[in-house]
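Given below, in the form of structure tokens, are the structures.
Next come two complexes, and both contain subunit A; in the first it sits with subunit B, in the second with subunit C.
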Partner chain A sequence: MVENKELIKVVEETVSRDDVKYVVGYKRGTYGFQIKPAFAYSAKDAKEFFYSPLCAKNLATYPLLEEKLPLRRGEEAEHKKIGIVVKGCDSRAIIQIIQEKGLEREDVVLIGIPCKGVIDPKKIAKRFPKQSKFVDVEENNNDEYILEIGGTSHKIPKDELLSDVCKSCEYPNPLLYDILIGEAEEEFQPEHFNRVDELKEKTIEERWEYWEKHFQNCIRCYACREACPLCYCKTCMVDLLEPQWVRRSVNLSENTAWNVMRAFHLAGRCISCGECERACPVNIPLMELNKFVEKEVKEMFNYTAGLDTEEKPFLGSFRPDDPEDFIS
Partner chain B sequence: MSTQKNTELEEFEPNIIGFLCNWCSYAGADLAGTSRIQYPPNVKIIKVMCSGRVNPMYIINAFQQGADGVLVSGCHPGDCHYTSGNYLARRRIATMKKLLEFLGIEPDRVRMTWVSAAEGRKYADVVRELTDDIKKLGPMTKFRREKEW
Partner chain C sequence: MEQLTLPKEKLPELLGEIGSKFELIGPKEENGFLAFRKINDPKEVNLDILLSRVPPKSLIFQQTETLFTYAKGKDSKVQTPKIDESVRVIFGIRPCDARGYDIIDPVFMGKKEGDYIDPFYTKKRNRSILIGLSCNEPDTNCFCTSFDDSPANTKHVDILFTDIGDTYFVEVVTEKGEDLIKNLSKIFSKATEKESTIRKETERAAIKAISRKMNTEGTVEKLDKMFDHEFWVETARSCIGCGICTYLCPTCHCFDIQDESTLKLGGRVRVWDSCMYEEYTHHASGHNPRPSRMNRVRNRVYHKFNYFPKNDGIFGCTGCGRCIDYCPVNIDIIEVIDKVKEANI
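== the complex of A and B ==
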């Protein structure tokens, strides 16, 4: 369990360093079970930082949102680091971005947090609807979440609220960090992401019916893209007008094109933080697509994303003995 | 009524888009033509410089715009004019086919082959086989773009 005092102390120390611009972490939200990203520019901002199983957001997107203004002649860019509070999956996102040269290792200071899994905000909001005040959740040693609402204390089995992706998480501990808070979690046996298997057993027509139903609901808000730490292209293919890959109209054809494009662009890159699925306002099971591709890539090419900063990107490399049984 | 339907099925002529690489497969198709080998006229060829140029979005876009099948063809492994373009294409198409299958779109609608400049006969065979397969699968209307005007 992460002690908040220790977290605040580490954030204070990090933000006081001369080469650090700010630190991104989590703070308590204003209503329900919502948490907010917190930005500490000085040591006194660090007091509102906290960590609890509610902190599901992947903060690895923030260093990529940094505005890079054009420089005057002779002017030099300011090289200051950004501190980020990272869980296991977030650190893998950072590794993947560094691998793709989207960031330099020197650009970030990583405050690692060993993660026991996070709560799915959609699940907890369904369980306790219409929460108008912020409620914090604690985890005890018996795999239960404890939360207090209006004077009554609730004990809920962890399994009921845990995010689906966390059940099949293989790397709960940060793989890349500068400072680690608390002790690393013990290795545990990850469950299979069984939603994918259920779908794989269906016939091809049933599968299309399933996805057609979901893609028809898509409103193309691109929340999945904005939330994803790995969707950081300066110009997204979907925004291009010439050539226009995906038209602006919201219908099944264009929605399918967009969702296939998103899933394919994350092939061999997705680190399964589940942020796209959590961000989706119409509950499209996007992680089923991502997890499926991840599994196929692992089976066919023995490649796992976000483990090594020196590795070559999946679609930018090849081996002469790659499987080619589908080629006639 | 039923006979009418049967003739309709027989008359279904698939639209197939072929992305052929400039150096091997396009020359192979050219050879098939100059050798006067008969093969179905269903494949509409788009010449690309290398099979590695084929963005998987080309395939999705072809399906949106009314294609029933897509053929991607490049040089044999090791023969690529740009050394490794076909190897990269192989990974991409392999992943794309798996993804399409998972989404419920027949993966056989996308075919990848290696055809060298000397294999006019092979190109004709590939097209014949592909056209037959797509005829069996029927038209691809799952996410075809509606004509709005």
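== the complex of A and C ==
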């Protein structure tokens, strides 16, 4: 359990440091089960910070969204740290970015939160529709979520609302942090990401039909890319015009190119936070692609992304003793 | 306005007949959400889910529109596609989404003589007959009433259906609607006084069920005075710059024009674009007049709540709530406008 009082205290202390620009965490949203990213620039902003199983959003994307605007004459660039509230997967995103030299370790102050898994916003909104006021959810020690709506208390088995990615999470505790709030969670036995297993059993034609059904709905809003902490290329290749790798026309062919390319570019980099799938407005099961690639990378090269800042990135490393069996 | 009724069990018959005579588009459930698609079998129509995920603006202002095609080589010729002008019926459109068309019509169809008229939009708009469906159970983030609209507004459709229990109350609003009804077999009955009362009560109950309200009074003037306000930096801090709010908006209508070619064939296409992208205002010179998220979020709010009212006398928002429903970081336009009103200037 994360005590909000302790969280607020830590955020206050962190933001009060001279070398910290701001801290990003979570605050209550405007309706239903929505949470919002919260930004504290001073100790008083920390009051609205909170943490609950609703806080799914991976905030690791924010330090990379910092805009380096042109400086005025005489102005100097600011070199201050950004504080981020991180769960297990979020900390792995930061590790992966540091590994790729997208960030320096000194750029961030990590406030670690031991995670017990987060609620899938789509599942809970379906279960309790039409909530015009914010509803918070707590987790008890019996693997149940407790929430109160209109004076009535509801107890829901955790399994029914838990995000699919969390069920297969191997690293609920932050792997990199400066301050840890509360006690580390006991490691639990992760399940397989069933959806990939189910997909693997299908024939290639069935699989193609399945993806065709989803990709034709893609509106190419690129919310999957923008929500992803690891999609931080300065210019994404779909935005390039010369050469234009993917056309702007929205049709099955180009949509497939985009979605497959996105998944490939995350090979050995995706840390399974599920942010892309949560953001997708047309319900494309993007984590099935990511998890598929993750599995291949693990089986062929025994590599897992986002574990160690000192490790070489997957595509930048070579090991003669790969467990791969396709070359003999 | 002619007032008729149609027993609910006759709806498939009606849709079947429309489908046999014209192209029929309707709301269909697909991958867990609603989409406007061509209806081949009346059974496919889903009227239980309130709003389609992507607004039906996509039927008229298509996400990808081919303006012309060409072939390379000696006998190359530029070919403009023939735009279908036969009647098409869009069934089950919600009043707010139909209002979205009215808001963007001046952009593509011109406001005064001499304005450019876009043939693609205009022909698709003119060929469409809108059969609206009142919303009896508005959703969490519906706020159409904040724009003097109603979940059972007849103003923006040709025919409006309202569910009044076992029957649909049918209002024939325009001449286009009358012509369509005349073309169909006589399965409608004249509405009674009592049914008309139930319809009004249904509308009143639906209006009451809308819990969210945007207070737009004085917004235009207030925005005039706060372009450089710190508020925009704060509001945009959490924005991740995806295009969801614009692509799912029934009134956002920005587009990009691109030439796409293969070795022998090519074409010019018009595709949706979004002011939320950094690239959107990126000049060839490298300069970007909207360099940060603050500029982009601010622009979107100004366009809807300041430029639109000034240019066209109408807010560029229908109150459908999609941008609130699907924003990954809960940037809530109602809250934004509330805060605009509270901001110290």
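Just so we're on the same page, the second predicted complex is superposed on the first by the 312 of 328 C-alpha atoms of A that agree within 3 Å, B and C clash if a C-alpha of one lies under 4 Å from a C-alpha of the other, contacts with A are read in each partner's own complex, and residues count from 1 in each chain.
Convention: a residue touches a chain if its C-beta (ideal position, glycine included) is under 8 Å from a C-beta of that chain, and two chains touch if they have at least 3 such contacts.
If you're wondering where the values come from, they're calculated on a predicted model, not measured in any experiment.
Using the contact criterion defined above for the overlaid structures, shared-chain residue A:P281 touches subunit C, although it does not reach subunit B. Of the two partner chains placed by the overlay, subunit B and subunit C both lie in contact with A:N251. Once the two complexes are laid over each other on the shared chain, residue contacts for A:V293 go to subunit B alone; subunit C is not touched.
Applying the stated contact rule after C-alpha superposition, one finds that A:H79 touches neither subunit B nor subunit C.
When the two complexes are overlaid on their common chain A, residue A:Q131 makes contact with subunit C while staying clear of subunit B.
In the superposed model, A:H192 lies in contact with neither subunit B nor subunit C. Residue contacts after overlaying the shared chain place A:A227 against subunit C, while subunit B stays out of touching range. Subunit A residues in contact with subunit B (one complex) as well as with subunit C (other complex) are 247, 249, 251. Those residues of subunit A that touch subunit B in the shared complex are 199-200, 204-212, 215, 237, 245, 247, 249, 251-254, 256-257, 260-261, 263-264, 267-268, 289, 292-293, 296-297, 300-301, 314-316, 318-320, 322-324, 326-328. Listing the residues of subunit B that touch subunit A in their complex gives 56-57, 60-61, 64, 77-78, 84, 87-88, 90-107, 111-114, 126, 129, 142-146, 148. On the side of subunit C, the complex with subunit A involves touching residues 30-33, 35, 53-54, 63-64, 139-141, 211-212, 234, 237-238, 240-244, 246-248, 256, 258, 260, 269, 271-272, 274, 277, 279, 291-293, 324, 326, 328-330, 332, 334-335.
On the side of subunit A, the complex with subunit C involves touching residues 29-32, 34-37, 39, 57, 61, 65, 67, 69-70, 129-132, 213-214, 217, 219, 221-223, 225-227, 239, 244, 247-251, 275, 278-279, 281-283.
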